[in-house]
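Two complexes are shown next, each including subunit A; its partner changes from subunit B in the first to subunit C in the second.
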Partner chain A sequence: MTALRCAALVVLALAGCKQEERAMRLDPPIAEAMDAVALMPDGIGGRPPEVHVAMGNPYRGNAYQISQGKRLYEWFNCRGCHADGGGGSGPALMDGWWRYGPDLVSIYVSIRDGRPNGMPPFRDRLTPEQIWQLTGYIQMMGAYSASAAAPGRNDRMFSRPSENRAPAAAPAPGQP
Partner chain B sequence: MAVMRILAALITAASVLWSVSQPARSEVTPAEQGGARPGDGNHFSPLDQLTPANASHLKLYAAFPTGSRGAHSGAPLVMGNMLVVLTPFPHVLYALDLRKAKPEVAWRYEPASRGMAAGLTCCGTGGPVSYGNHLYFNTVDGRTIALDPASGAVLWDVQAADPALGETLTGAPVIARGQVVLGNAGDDFGARGWITARSATTGAALWKHYSTGPDAEVGIGPGFAPPYPTDRAVDRGITTWPPSAWQHGGGGVSGPILWDASAGLLFHGTGHPAPWNPDQRNGDNRWTSGLFARDVTTGEARWFVPVNPHDLYALGSTSALLLVERDWRGGPAPLLIHPDGNGHVYVLDRRTGKVLSAEPFIPVNATKGFDLAAGALVRDPAKAIRSGATTRGICPARPGATGAGAAYSPRTGLLYIPVRRACMDMEARDTTFMPGTAFTGGNLRLSPAPGLSAGALVGWDIAAGHAVWEQAEPLPVEGGALATAGGLVFYGTTDGFFKALDAGNGVELWHFRGSSGIVGQPISYLGPDGRQYVAVLAGLGGVPGSASGREIDMRDATAANGQAQALRALPPRADGGGMLYIFALP
Partner chain C sequence: MTRGRPAEDLRDTALAEVELTHGLARTWQTPSGFWGALATVDHKIIGRRYIATAFVFLALGGVLALLMRWQLARPESRILSPDLYNQVFTIHGTNMMFLFAVPVMEAMAVYLVPLMVGTRNIAVPRLNAFSYWMYLVGGVLLWVAFVLDMGPDVGWFAYVPLAGPQYGAGKRADIWAQMITFTEISALAVAVEIVVTVLKQRAPGMSLDRIPLFVWSMLVTSFIIILAMPAVMVASTSLILDRLVGTHFFNPAEGGDVLLWQHLFWFFGHPEVYIIFLPAVGMISSILPTFTRRPIFGYLPLVLALVGTGILAFGLWVHHMFTTGLPRVGESFFTASSMAIAVPSGIQIFCWLATIWYGRPVLKTPMLFILAFLFTFVIGGLTGVMVASVPLDTQVHDTYFVVAHFHYVLVGGAVFPLLGGVYYWFPKITGRMMSERIGRWVVGLLLAGFNLTFFPMHILGLQGMTRRIYTYQADMGWGGMNLFVSLSSLVLATGFLLFFIDAFRSARHGAPAGDNPWGAATLEWATSSPPPPYNFVRIPVVESASPLWDSPDALPVATGLRMDRRELLVSTVADAVPEARESSPGNSIWPLWAAAATTILLIASIFTPWAVVWGAIPVTIALIGWFWPKGTPEDES
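Coming up: the complex of A and B.
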């Protein structure tokens, strides 16, 4: 009986591994192509890199990539300025209100190049892939609908409803 | 030049300094000021037209919108017939002509700004200060600027702090013996703290001393006589840190700098060590989170008192400082009074730095009383912070039990302390220093102290070492207090009230409800018409304590340095944008 249960668990665990594609490391040419975003003249929106589309938008809604993004978010001191998405010296990222637009390209460029009113550039600190992982995490954080791919638990201080149940629905900044 | 001749107004902002070494340049004498010395941090106005008997008749005399939606934390400045206001970053400086029926803009000056600094600051700006016929102010993006107050023309403009290193200027400069003295902010970004002096006439750098590092850079030499002997060892600014950690160890001089002309000394606090996570900076972390006395001409240190050594909760010691002349237990003593973020009122003999008393003004559980012999608070091990773990219910919470300018009235002998009463859960996480990003390594979650209102104005008997009354406030009091010779205490609240209390018994006599929360410092002045006015800047800028105050999502308890949870009661109506309010009797 116990043995059976164990076997069942092993099978389940193995199946779990198959659930999702996890590219551990990108080929260098792909990594470079990942950085080729076409930016609108206003520096806000734009078109994601071709390879991104060809790869089927790997950073949107992929649980592994998003959880990587969440780690980077802490490791690269985003928290110090944006808290757990609620904002600090930098604006909230989870409230669904964007200074520069909610699309992936805009968020990617915000992180890569920085923004003039206090967002430092991370171009020299993060690879394009890491920036995309962060982008996916941040877009999900400020998304209007809950995502099943979003992290459901925290390994640290409980600060807010977990990402998978906190769609952005905050009032406009400065409004009740 | 008219300004030189007509310095009729009495100025009571703490940031204003009157220097005895330059009497010819300023025609305001101590006698005309009713004995008050504007550089003493007392926030005491010698004016007495407004009294408990007539305060209830106070009316709004003028309101001037500043056009800024940020946190208006400074004090307005009255200089001759002009009232000068510095708005939050990106700054505009307005000079209003007080001779008109209602104040009118005489000129405005808008310095070019480096937007990058916006992400590096927590909470606003100091005010402008005057000296002789010049006007001086700091910008958040690191510049110190001298202007001609008659025209607004720039006399000199220097880059004193470097935002690329995480440095900003969030306090007002101080003028002492022909020098502009100022210090940096940036503890949360791992900027190394310093204080510097520049020539008031040319802006040329004269001296600069750091809060960490080798003795020579800290200004520690033969003249240094610390009251506690351990600090006589060599290079404590290096040996009390893990290797090289002092290089980005914080200790900014972002709070008040006081100037005692008769002793030739400057007094200032130092900010908290960086990062917040104390396990990443084992040791006493000298010379952060303490108080310095420095020689005014060389900047050399005379003494240092460690207020929060190895500051577990990143409180720093840059809250209010006051030079007070009064009897202490049997004889007259020159005192330095310092209500600290750790919840205790420090009374020091400012000649030696010796702590005479340190009594708590709010319920504290992080420490268990003051050991007078050791000169330090006794820590409660149950409230220790360990990397990777969360410690709950620490009182008081970061950023500290008080921050804004306290006031002292020699008439009542009371100290008036603006108080925050919050506790916090703090989780320490390992973090890496990356220039230009936050160097904190901590997640905070604040809540109001159990059973108490989240804020108060406390009337404190210095000699007895306890509160004699308090005016409870639903939210932390982030603005400064002003005491007047007429027997009143003025202060503003985070939820948008401006109040006058009876300075003796704390009874509320009058209030005004503005369109914005108040985090600024009130002043009182005599107008060109000979009447007493009270002025204050309102403008909350959203959640206090964060530059993105109005773009905070309150569902994240750690937002705005953990204040989001404690401030969920913040009424949205208290955020109508910046406003200068001036009050007078009709």
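Coming up: the complex of A and C.
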């Protein structure tokens, strides 16, 4: 009974740690290795860096990292083209339709290297860690299922339900 | 199905003493065993649990304080990471305010008020059981979250926008807000019980001017709780709604208001200070006559000071917000009202000094704690008058000066009297005395340790050290003083450790105490130590403000209560003239189930708003079970 309770507590602890842990600063070697994505020749899809896997994919399920991504989304004016995810001069990010595939590596490479027809590269403006934070946030915007790690609304005018009012992505009318 | 009135007369008038005590014990007892312990509604058992739990939280919060002092002992220390430090100071403050200070005062009242007013159980006793479970769950929620590295990190008053949806990532602030809900529910429940107990269940003859001052202070405190706590519940619920559902209570861009949070919080938060302080001064006013061997000096001014403080408490919350850019008129008004609070506090101080002056002081441990209180609290009160003035407050806002000030007021003003109260009432609660020799050491270590720890913080604050920083650079020149403070905190911690050791040891091996070891005058000392489940064999009749001194041989008693069901005496509000015999609910497991159902609802609503809809179903079922007639004699009207 006691052992069972302890085990349950440990499992809970591990789950809690992952979602709420806050790593303020990465070790420099890890930060460097974060950029080592293996990309498919067509530039779509690939393998995330090994260190990313070893850390347990922190940028997709960790509330703090996602909220950092959300701040970067504001600070680097992603809204200028993509609006609040609904799309403007750039494509929508929350309709579940991805031009270059929905996986993390594709989104990462899109931000880092840019894409044809207007997406600028951000490799000189953001560190790999920041690009990963942004990637995690953007993938979450277009996810079909809810996440307890999703952030709430911002303190400004509102054009869409906040991210934690999931599911965020319902295929927009007219989209395949 | 209810049993009819039995043929033989089972009222206490018709029965012999032995038969009566056995019958009463059978009627009022708590069945032994696990389920009996969970189902009890005895105010003494629940009060003991409350007190013990609150002191566990005090010890845990103290460990956090030591961690912070370890981190701050030298510049650029790396004991705690910045993130962990944020959690530690938030949980220290939240824990001490919501899980220790308020509940422990209410806990003392849950135990003592029914005894002091001479009744058999607290009013609405099942709600009392429910309130304990809610309190326990709220505390466990906070600490489990901390262990899981998702403890709140937004400060104990959780200002938006830092705690709001944009900047408070994860579920940390939600856990803080929901912990507030748990403790507020429990505090409100206890407040209602105490108001009813004091107003309607006093022993015959205990008119308003004969109520012990601790009871008066708890009555005022309970009214403050009932008026103040809803504000913070509105605030924390709005915060959760903002964070989870995306409402805009605190979003200026959509017509909300950030300052609204501060107003709602401090409209509760300042009366909160008096919710903690008034019971403490009530304890002093109740303990002091015993150790000066005379009735309290100035009973009426003391009562009026309590009531006056209670009213003024609602007129000065804005002094926490002087640096938010308020209109000048507002600042001046709240400066004046903040300084006005010194008047009732001063009246009380002078009444106590006069009591000591005209009495023959007996320097036992509880009395020493009162002297320690007088010394420490006056310093805290003086810095309080200082920070009440806007120009000075603007300088020292959010510095260690304020940290020093509120520790002086809260530890000096509330914890010292509380510990004195524990030493004083420990024999009543356990039937054994605490050690007088260790008690003197405890007072000495606490008084010295406290002043050495917190007085230098005034200077650190004036030197510009801001609160809530996790470290500082060596060239700020704060290192030496901080090291001194950290070392002194060990003295303070030793005092508390010694107190806990003494309490544990004395509960088992202390010298047996009689019914009235201190020779006190109030009704709780008229029964045995510890009191039987029914408190008094016969309800005492009160003929003066110091009944045990004025009727030293035997108190007159009221008779006519039934023995075969839980029955107590209801009396009028002002003069305590007996009005009716009223049944008191028996033991029930349903408060526990209701608390469990409410827990599920509240914790799940951190994650999804639908929890409020579906969680309401088990809560409803539990409440139906709670109020369903069980066919016991207590169901008869």
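Here is the rule we use: the second predicted complex is superposed on the first by the 147 of 176 C-alpha atoms of A that agree within 3 Å, B and C clash if a C-alpha of one lies under 4 Å from a C-alpha of the other, contacts with A are read in each partner's own complex, and residues count from 1 in each chain.
To be clear about the criterion, contacts are C-beta pairs under 8 Å (C-beta built on N, C-alpha and C of every residue); 3 or more make two chains touch, one makes a residue touch a chain.
Since this is a predicted model, take the numbers as computed values, not measurements.
Chemist: Using the superposition on subunit A, tell me whether subunit B and subunit C clash or fit.
Modeler: After superposition on subunit A, which the two structures share, subunit B sits beside subunit C with no clash.
Chemist: For A:Pro120, is the partner it touches subunit B (first), subunit C (second), both, or none of the two (neither)?
Modeler: Once the two structures are laid over each other on A, A:Pro120 reaches subunit B alone.
Chemist: Could you say whether A:Ala63 touches subunit B, subunit C, both of them, or neither, answering first, second, both or neither?
Modeler: second
Chemist: So in the superposed three-chain picture, is A:Asp84 touching just subunit B, just subunit C, both, or none of them (first/second/both/neither)?
Modeler: A:Asp84 sits against subunit B, while subunit C stays out of touch.
Chemist: Would you mind checking which one, subunit B or subunit C, touches more residues on subunit A?
Modeler: Looking at subunit A, the partner in contact with more of its residues is B.
Chemist: Considering only the touch criterion stated at the top, classify A:Phe76 as touching first (subunit B), second (subunit C), both, or neither.
Modeler: Once the two structures are laid over each other on A, A:Phe76 reaches subunit B alone.
Chemist: Contacts for A:Pro151 in the overlay, against subunit B (first) and subunit C (second): which applies, first, second, both or neither?
Modeler: Touch partner of A:Pro151: subunit C, not subunit B.
Chemist: Superposed on chain A, how close does subunit B come to subunit C by Cα atoms? Whole Å, please.
Modeler: So the smallest C-alpha gap separating subunit B from subunit C comes to 5 Å.
Chemist: Which parts of subunit A are in contact with subunit B and also with subunit C?
Modeler: Residues 156-158, 161 of subunit A touch both subunit B and subunit C.
Chemist: In their shared complex, at which residues does subunit C touch subunit A?
Modeler: 81-83, 145, 147-150, 161, 164-166, 169-172, 242-246, 248, 250-254, 607
Chemist: Can you check the complex and tell me which residues of subunit B touch subunit A?
Modeler: So the residues of subunit B in touch with subunit A come to 69, 115-122, 188-189, 390, 425, 427, 429, 431-432, 434, 436-440, 443, 445, 542, 546-548, 550-561, 564, 572-573, 575.
Chemist: Going by the contact rule set out above, which residues of subunit A touch subunit C in the complex?
Modeler: Checking each residue of subunit A against subunit C gives 12-13, 16-17, 19-22, 24, 63-64, 66-68, 148-149, 151-158, 161-162, 164-165.
Chemist: Over in the complex, which subunit A residues touch subunit B? Could you list them?
Modeler: Touching subunit B from subunit A are residues 74-77, 79-81, 83-92, 94-95, 97, 116-120, 125, 156-161, 166, 170, 173-176.
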